[in-house]
Each structure stands twice: as structure tokens, then as C-alpha cells.
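Same chain, two partners: subunit A is paired with subunit B first, then with subunit C.
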Partner chain A sequence: MPEQPDHEPVQPEPGAGPAAGSAPDGATGSAAPSGVIHDIGYRGYNGPRLGRGAIARALFVHNLRGMYGLGRSGRSKVLPFGLFAVMCMPALIMAAIAVVLAQQGLMSQLPVPYSRYAVILQAVTAIFLAAQAPQVVSLDLRYKTIPLYLSRPLERVDYAVAKAGAVATGVFILLATPLVVLYVGALIAEFPVGEHTADFVLALLGAALFALVLSGVSVLIASLTPRRGFGIAAIVTVLALSTAVVSALQGIVGHAEGNMTAAGWIGLFSPFTLVDGVQVWAFGASSSAAAGPPGNGGGAVFALVTLAVIAGSFALLVRRYEKVAT
Partner chain B sequence: MPVITTQELTKRYAQVTALDRLTVQIGSGVVGLVGANGAGKSTLIKILMGLVEPTAGRCDVLGFDPATDGPRLRSQIGYMPEHDCLPADISATEFVVHMARMSGIPANAARERTADTLRHVGLYEERYRPIGGYSTGMRQRVKLAQALVHDPELVFLDEPTNGLDPSGRDEMLMLIRRINVEFGISVLVTSHLLGELERIADHVVIIDGGSLLRSSSTSEFTQASQQLAVEVTSGTGAVTEVLTAAGLDVSVDGRILVVELAGDETYDVVRDAVAKLGHGLVRLEPRRHRIAEVFEGGVAGAGTT
Partner chain C sequence: MLNPTIVRLTAHGLLGGRRLLVLGSLSLLIVALAVLLQVFAGVNEADAADFLQGVSFGTLLPLFGLIIGTGVIGSEIDDGSIVYVLAKPVSRAVIVRSKLAVAVVAMVLFAVVPTILAALIMAGNTPGLAMAFGAGAVVAGIVYSVIFLLLAIVTRHAVIFGLVYALGWESLVGSFVPGARELSVQQWALSIIDAVETDGFVTAHVDLGVAIVLSVVVIGLFTWLAGRRLAAMTLSTEE
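Coming up: the complex of A and B.
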């Protein structure tokens, strides 16, 4: 590295023009002085320094953008935006059909209630989380970047909040956007506004619960391994496979053996049926699972388990980052 | 005013005692922290940043207590870890901008400071390429840049010359010197090599097994050396004889002849002697006492000569 004395022209920046050369003060030939970059030496920084809160917010925004591949290569945008399109497409089609048929008086309701949309398209959400949560979480582990964050004003818990919050928000955007599309369609189709607004708002609450539970579980899994591939596989297994197993068991216990109460309880064991149970109990939604939560008491248990999963996964995430080597 | 003060600082893990009642004062300037691997250097730095809680004792960094005032302290310090810590898939510019923002610098200022800082550490066009393709030397510069980008008052550099070839090592050491002299930033730099720190440090702290072995200014370690190091292409023995005959005190240290400096004319005597014998002169330079010798006992009287 060449030692650069003060007030001497330094190597020109790329694109700074030719011939800036090494001549002091641009004295050679006709080279315009504007082509010369003077090394004015080291400049200190006396501007504002933001605090912990603002830094955590910046990290949150950075990671939220990362959830959709923004600020990364074009290739990293393909999957999240593709899944986003897949997620919104059915809503768009249903809204269009509703608007057209409603004009002809052939339809007075949306084909699918708002609250069931997330469950019907759960595979998309599961793939989205499996692909993007490790992207946000395990890269820092793999490249051992976390000590650089911790050497800055952020505390470990801020880091965990920013990561988990970004993933949850990213999933919420994925879940809520099609609901907005359906709602706008319903309004254009002039379906009853009051009823639809209430359903829509409750479904948004449901989407928030889905986002918190699903992201909580996914981020925790992703934080356990620096290997992105493991993270992807583990998240797909937990999110998608657990629903499949729970649905199958519910079918066997509920319909083949006729024990709907037991079938209802089985719903506790997969994130999708768990939150769906809360929607059924708390928001009066129609159940998407083979069996809803058994009775009012059962619904309350579903709600408590949901809260426990959210709080527990976050607590474990914080503990995980406590242990990450500085 | 000392930049860092520790008092009876102790850190015990289940199996080992990493720091054992370390009491030391460290002033501004370039301070070398020397010790073998496992001597407690990295643990000390982590405690000083407020990332690890000491088992006992207290410390003070830039007037803050790291244990209670961590976030405010860390906005004023930079840290270059020993191990690799860079993402492979983004460019140095993107990475350092992000790290500047993580230090609380607003977005626009972060971009400006990143461009400045990368230029100061010697990264030019390559800063737009993904870090994954960088050489070790370039990666060390990126690591250094992220520690400096927010213009801290103090930087901790943990083994910054690790993995560098000799010329890369020299460049890094020059750069570290500039961080203090030109940028006005205090530096605490660790190394397990005594020799390289004595070239740039104003003060050297040596720890071993978690406790203080010695803390003194570099000149105290290395002063009073009035010797010349002479290396010739061949005929070491003949040169030794001629120089001894000329009344000089010569000792042989491997390939190097150590000649006691009698005065400026000693340089001429050595040059003429080598030339007359028809050998090539590879090296003729003033030789300082190495800090290492203080411990090897090779020059036991170094401090008093």
C-alpha cells in the first residue's frame, strides 16, 4: 500500500477521468484540475450518532428487505417475489371472479373466507419461510459476523428482536397482501361492507398470529445451524410435514374412529392447525382443519399454547444468541 | 489520562482462569498487547467492550464502565476480530456501509465515510466486488475498515497481521501506525509476536497466563541498543575476522553479524571491509534490542547498557 502524504493527488477513483496522474496540482499538460482528487487526509466524523433503538430499527429494515432479496443480487429476488406472486394470484383471480359475477347477481360472497386463505395456501408460506428465514439468520452465523454487531452499541437482545421481527413482518406482508386484494375485490363487488370489514380485520389479526408463530419457529430453527441447507430442510419438515401428519391423524382419529374431541386436540401439534384453532375459537372463523379445537375450554388452551409458542421461541432465540461466541 | 484502566480484573471459566487479577493502565497512542495464544488477550478485549462480564475486579474504558455502559462505550470504539468475519456474497462497500449504520451513522454519512475509509486502508476498485473473492490481505483491510468507519476514539485490533505474508505484514503495521498518528485514534493491538509490535507500539503490555508480566514503553524495552546488524552473501567468518582486527566487537547470531557501534565511522568500516573481501552486503542496519531478548535473558543487561 503506497504511503500517501497529505495534499498530494492520490490514485484516481474509478471514473474520475484519465490523466489525473501523479503530477502535483495537475500541472502537467492540459489536464484539468477537476480531474484530480486530492487526498485531504483523514477526516473525522462529528455528525450525529444514533442510539441503540435507531440502530436496531436500521437492522430490522435491512433484514426485512433481505427477506425479499432487496439489496442483494437479482438472483436472490427471484424466489421471494415468485412466491409472493403465487400467494397473491389466487386472491386476485377470486376477487376478479367475485366482481364480475356479483355484477350479474350470481355471487354474494367471496369464494373463500379471509381467515382460511393462509391455511389453504400454507405450502407457499412454508416454502417462503424455509427459503428466506435461513437467508436472514444463518448467514451471520456462517460468516461469523455476529461479533461485529455485538462490538457495536446493539445488545444481543436487540439483534434477536431485529431478526425475528423482520422475518415475522416479511411473512405478515406475504399473508396480508392477498387479504387486502380479496377485501378490495369484495368492496368493488359491493358485498356488505360492515360484515366484510369485520371479517377482514379479524383475518388480519389471524395473519399476524400466523406470522408470529410460523416465523418464531422458523427463526429459532434457522438460528441453530450455520448451514443454510439444514435450515431449509428443517423448517420445511416442521411446517409442512407436521401439518400433513396432524391432518392424517385427525382424519383417522376423528372420522375413522369417530372421536372428534381427540382429533381436535391433535391440532395442537402443528403450527398451522394451532393458529387455525385460535382463529376458530377467538374470531369465530370456520375451521380449516379436519377437527377444530374441542369446545370453549379447548379453544382457550389453543390460544395459550399459541402465546407460549411465540414467547417460548423468542426466549430460546435470545438464549441461543447469548451463547453465540463473541 | 489513561484510555483503559483495569483493577484486579479476573475472569474464570469452568476449567481455566483466563485473566488473573490483572491491573494495568493503558494510555493513548499505539499500545501492543502481547502474549502467547491463550494468554488472555481476546478475553481482555471482550471484557473491555462489555461483551463478557468479569468474574471479579473492575475496568474503565474511555471513562465508561463497560459492564454498565456498554452501548454508549461501544459507539466510541472499533473492533477488528482475530477470526474471519466477513460475508462472502456482498461487496466491501455494501458491507462497510451496513456496519457504519450499525454503529449509528446515518445512511448518507455512512456511504461517505465508507468511501473514505476504504481508500485509507488501501482498497480501490476491488471494493465493488464480492468479498468472497478477496485475498487475505484485502480481507484484513475490510475488517480494519469496518472497525474505523465510524471514526472511533479507540480501536481494538486482534492479531491484525495473522495470515499475512511479510510484505502484507509490513503494510498492515504501517497502516496501524497511521491510524494513530494521522487519524488520531488510540490503538490497542494484540499479537503473539513481540518483534512486530515493537516497531509500531509506543507502549507494550505483556500478559502471560492471564496476569501482567510487564508493562512499559517500547523505548524502555528497546533503548540503549548501539549495535549494527550486518549480513553478507558469503564469507561470514572472514568478515568477522577483519572487523575484529579493526578493533570492533563482533558476535555472530545465525547469519547475522552483530557489531557494536563505536560511532558513525563504524558503518564505513563495515562497508569497506566487506567490499575489500569482495562479498556482497545484504544488510547493514542499526539493530535494536528485541523485546524478546528481555525474556530470553540473552541480553540480561539490556535495560542498563
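Coming up: the complex of A and C.
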């Protein structure tokens, strides 16, 4: 639970509270009570009260910190920071190699384009989401603490926005940091600035799409169960199994049967290949899947499905929180 | 050997409620994909072998092993109800064996049978292939159940560690680093498949003898270790 921004003041209400009717000296209580037994001289809070937005922001920041184990025990920092390091290490190595080799004139491009980085290291992202998304939502469900949040001027929608936003931002940080490392490496290596800046910005947009799609699906799955372990298993099953199924099907249909159009359409069915297809169509990236989206119309369908997945998973999440813990 | 009451309770806990639906629909998915591939793409035996290797052995078996292996005991340890089982005059080794039996039966039902069905659908003309994949899947299912059951007893974060193992070790390291293949359950299973089927659709990287010996050693040793750990378990609440 986040720190409350202020303390609840003792506000005596006339006639309420146990003290009003049971005063020991036999006072009738008919006179308007000017003070009550609880008032022991502390000053009440008369300052400005932070409203709905501030509570939602506090919840967002708290959950974003929680994604990386900040403000939690040392043990819960190990996994997120370990995965963060695993995610950034290849970028760091590639950037260093690029800088060294560029000085000797042996290299004029990064070994891996920015837009493919997230797809190549998708296992890391999948584990990060599986481990951290249930941590954000399942404890409130398990210990039934949601009514405590809702007793404040916080709406159910705000709660859902704060939770989903925190997970999406956490994943975006995980995906964007190695891109920044690669970009800085490219700048130091004095690769063409304009071209690299454009690619880098487009890859950041792609990372944002990845973050929205993946976190939307993951938070929705995690919000369905109060058991953290089951949430972890369910998320990773969806992410890993869809990837494995799609890549196996694309391999068979595309390469063995030679039907690249059908293989392209199969890419719709896994989050990673879906967003990868949007990158190929909208940003002109090179496809990481066995087959990219079929033609321009296909790319547009990929973009529409991506938007539908983001909007749909969020709408379902809001619906889920409208019913839960009333 | 087994305690019927513990078996019944474990089966109820593992498959009660929505879990049965989730696990069942995932296994149906594999069969449905096999049907779709057969109808629309007309796959041959080599494609079928590739598909089963990537989807069933690369992903389905490790993940189901993770869910089922930790599921038979992890949730009881999590919510503390394991105390009521441990307080009974039942040997801890019997508890472990009972839970393991449930896990293995569940693995066979939800992962091995769909694999065999998918193989029969896609390569019905060569029933040897389905038999080989079935044999490999049974071995992998048992070994995964034992590994993840032990993991669930050793640590409360079994699912996360298991995940890093299943995705990191089995999928990445086991596929690329030659030396690590000797210690990859997936490669043991592939070695057994390679030995049973004779047409060479699957190439194994590990010797059959090594695979069998290591599988048996892991099953025996880890079951014994799980019993020991459960006997010496301290009940504490972390975090």
C-alpha cells in the first residue's frame, strides 16, 4: 500500500462516537458537544487535500517502483534488476564493439537494427512480465485491500489505469534502455546521425507499442487470479506458447509449404510477431519473424489488430475491476 | 506406497475450479493446431516432427511441468495448509510420492496424450513416430514433474526460478550450447525419440545411454531429496 499523503484528522461529529452517550459524570449530552474525549489537543489538518489525480499518481509511482523491487525487500530486487542487466548487456557489448571497430574503419552499422532488439530478447521480457505483473495486481486481490483504495476519492477506473500504466511503463523502461545504449554507442562511433536518430525514434515508438500490448495482455491475465504463482504460469504460458506455436507454424507453412502469405497472417496470433508486423509496415523495419505481414493491406490489419488488443485488454481490465471486491 | 487421501486432495486442488478448463483448453489447442495443419497445409512427417519438437517439447512440456509440478504442492505451502498434511502420521516420502503420482498422471493426460494425438493426426501413416514421441513425452513429463516438485519444496519462489530454468536453460542454452545439452531434459527426450523411431526425423545430440541414466538418476535422486527436504521443512512466513 502506498504511503498516504496526509493523515486522517480527528473530526468530531456531533452525537457520533462512543463518547457521546456514555460520559461517566452523568452529563445528558443534550447540549451541543463542543469537544469530545478524543480531542487531546492535537492540531487538525486544515491544508489543501489532494484529490483523485494525486492518489492515482501516487498509486502509479508506487507500483512502478514495485515493478523493479524499489521500496521492497532486497530479495525482490534481484530478479527485476537481474533481468534488466541481462537485457542491457548485449546492447552494451554491441555498442562497445561498434565503437572499437568503427575507429578502425571496420564497421559502419550496428550489428542489430534497433527495431529487432526487443524481439530477439523476447524471452527476457516475457519472464519480466510474468514475474512482475502478478506482483502488481495479485496482492490486492488476495488480501482484499481494494475497498481500502476505493474508500478514498479514487475511482475503479483510476485504479485500473494506475496499475496497467505502471506495468506498461516498467516494461517500456526495460525495452527502451538498451536502445538508448545502442544509440549512444552509434553516436560515439560516429555513424550517420540523421539516419540513426530516425531509426532510434521509430524503435522507441515500437517499444512503446510492445509495452502496451504485452502489459495489456499480462495485467488482464494477472487480474483474473489472486494466486501469484498461477498468474505467473498463465502469463508465461500465453506469451511463450503463442510464440512457439506461431514460429513453428510459420516455419511449416512458409518454408516447407512455400506459402509466405498464409505464414504472414499467422503472425497475428502472437503478441511479439503482431507488433513486429506493425513495425515492418509502419516504420519500414526489417521483420524478425519468419514471414512479415502480407503486403500493405496486411500491415494495416496488423496495426488495427494491435490497437484492438490494446483497447480490448484495457476495457476488459476495467470491467474486471468493476466487479471485483465490491 | 501411496496415500489415497493425499492423492485425492492433491488431484482436487490441482484440477479443481478453472484450472482444469485452462489446462484442458491448452492441450486441446495443440490437437486443434495439428488438425488445422493437416487439413490446410497437408504436412509430411518431417514437418510434423519439427512442429512437435518446437511446440510440444520446447514449450508445452516444460511449461506444463512447471504449472503441474509446482501446483501439486506449491499452493499448499503458499497458503499454509501443508501443515495439516504434515501433522498426520504419514511418512513425508509417502506424501511426496503421492503428490508426484498425481503430477505424473496429470502430465500424461494434459501433455503426453495431446502430443501423441497430434502426432497421429499429422503423421498417421507412420505410427512409429507417434509412439516415439509418446515415449519421449512420458520421460520428459516425469522428469519435469520431479524437478519442479522439488523446486516448489525448496523455495517459495519456485515458479519464477522454474520459469528462468524452463525458458532460459531448456529453450536457449539447451538449444545452442553443445555442452549444456547433456543436462537438458528436452535433449534426453529427443534422444529417446531418436532411438525409438528409425526414420531419422529427429536428430539427438545426447547419447541414449547418457539420457536414460541421467533421467533415472534425476527421477530417483530428486524424489528422495524432495522427501528429505519435506521432512526437514521449517514452516516460516517470508515477505
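A few notes on this one:
The rule we apply is simple: the second predicted complex is superposed on the first by the 283 of 326 C-alpha atoms of A that agree within 3 Å, B and C clash if a C-alpha of one lies under 4 Å from a C-alpha of the other, contacts with A are read in each partner's own complex, and residues count from 1 in each chain.
Simple rule for what comes next: a contact is a pair of C-beta atoms (placed from the backbone, for glycine too) under 8 Å apart; a residue touches a chain by one contact, two chains touch by 3 or more.
Nothing here was measured: the structure is a model prediction, and the numbers come from that model.
When the two complexes are overlaid on their common chain A, residue A:A234 makes contact with subunit C while staying clear of subunit B.
Look at A:L317: by the touch rule set out above, it reaches neither subunit B nor subunit C. Counting residues of subunit A touched by each partner, subunit B versus subunit C, the larger count belongs to B.
Of the two partner chains placed around the shared chain by superposition, subunit C is the only one that A:A131 touches, whereas subunit B remains out of contact.
Of the two partner chains, subunit C is the only one that A:A244 touches; subunit B does not reach it. In the overlay built on the shared chain, the residue A:A256 is in contact with subunit C alone; subunit B does not reach it. Legend: residue contacts after superposition of the two complexes on their common chain; A:L214 is shown touching neither subunit B nor subunit C. With both structures placed on the common chain, the touch criterion links A:L204 to neither subunit B nor subunit C. By the touch criterion stated above, A:L174 is placed in contact with neither subunit B nor subunit C. When the two structures are aligned on the shared chain, A:Y143 is found in touch with subunit B, with no touch to subunit C. Comparing the two complexes, residues 73 of subunit A contact subunit B in one case and subunit C in the other. Across the complex, subunit B is touched by residues 1-3, 10-11, 13-14, 41-45, 47-52, 54-55, 58-59, 62, 71-73, 139-140, 143-145, 147-155, 326 of subunit A. Residues 46, 49, 51-52, 70-72, 74-75, 77-79, 81, 83-90, 94, 98-99, 101-106, 109, 113, 116, 119-122, 124-125, 146, 150-151, 171, 174-175, 178, 182-184 of subunit B are the ones that touch subunit A when the two sit in their complex. Only residues 73, 75-76, 79, 123, 126-127, 130-131, 227-230, 232-234, 236-237, 240-241, 244-245, 247-249, 251-253, 256-257, 259, 262 of subunit A touch subunit C when the two sit together in their complex.
Residues 19, 22, 26, 29, 33, 37, 40-44, 46-47, 50-51, 54-55, 58-60, 63, 66-67, 70-71, 74-75, 78, 158-160, 163-164, 167-168, 171-172, 239 of subunit C are the ones touching subunit A in the complex.
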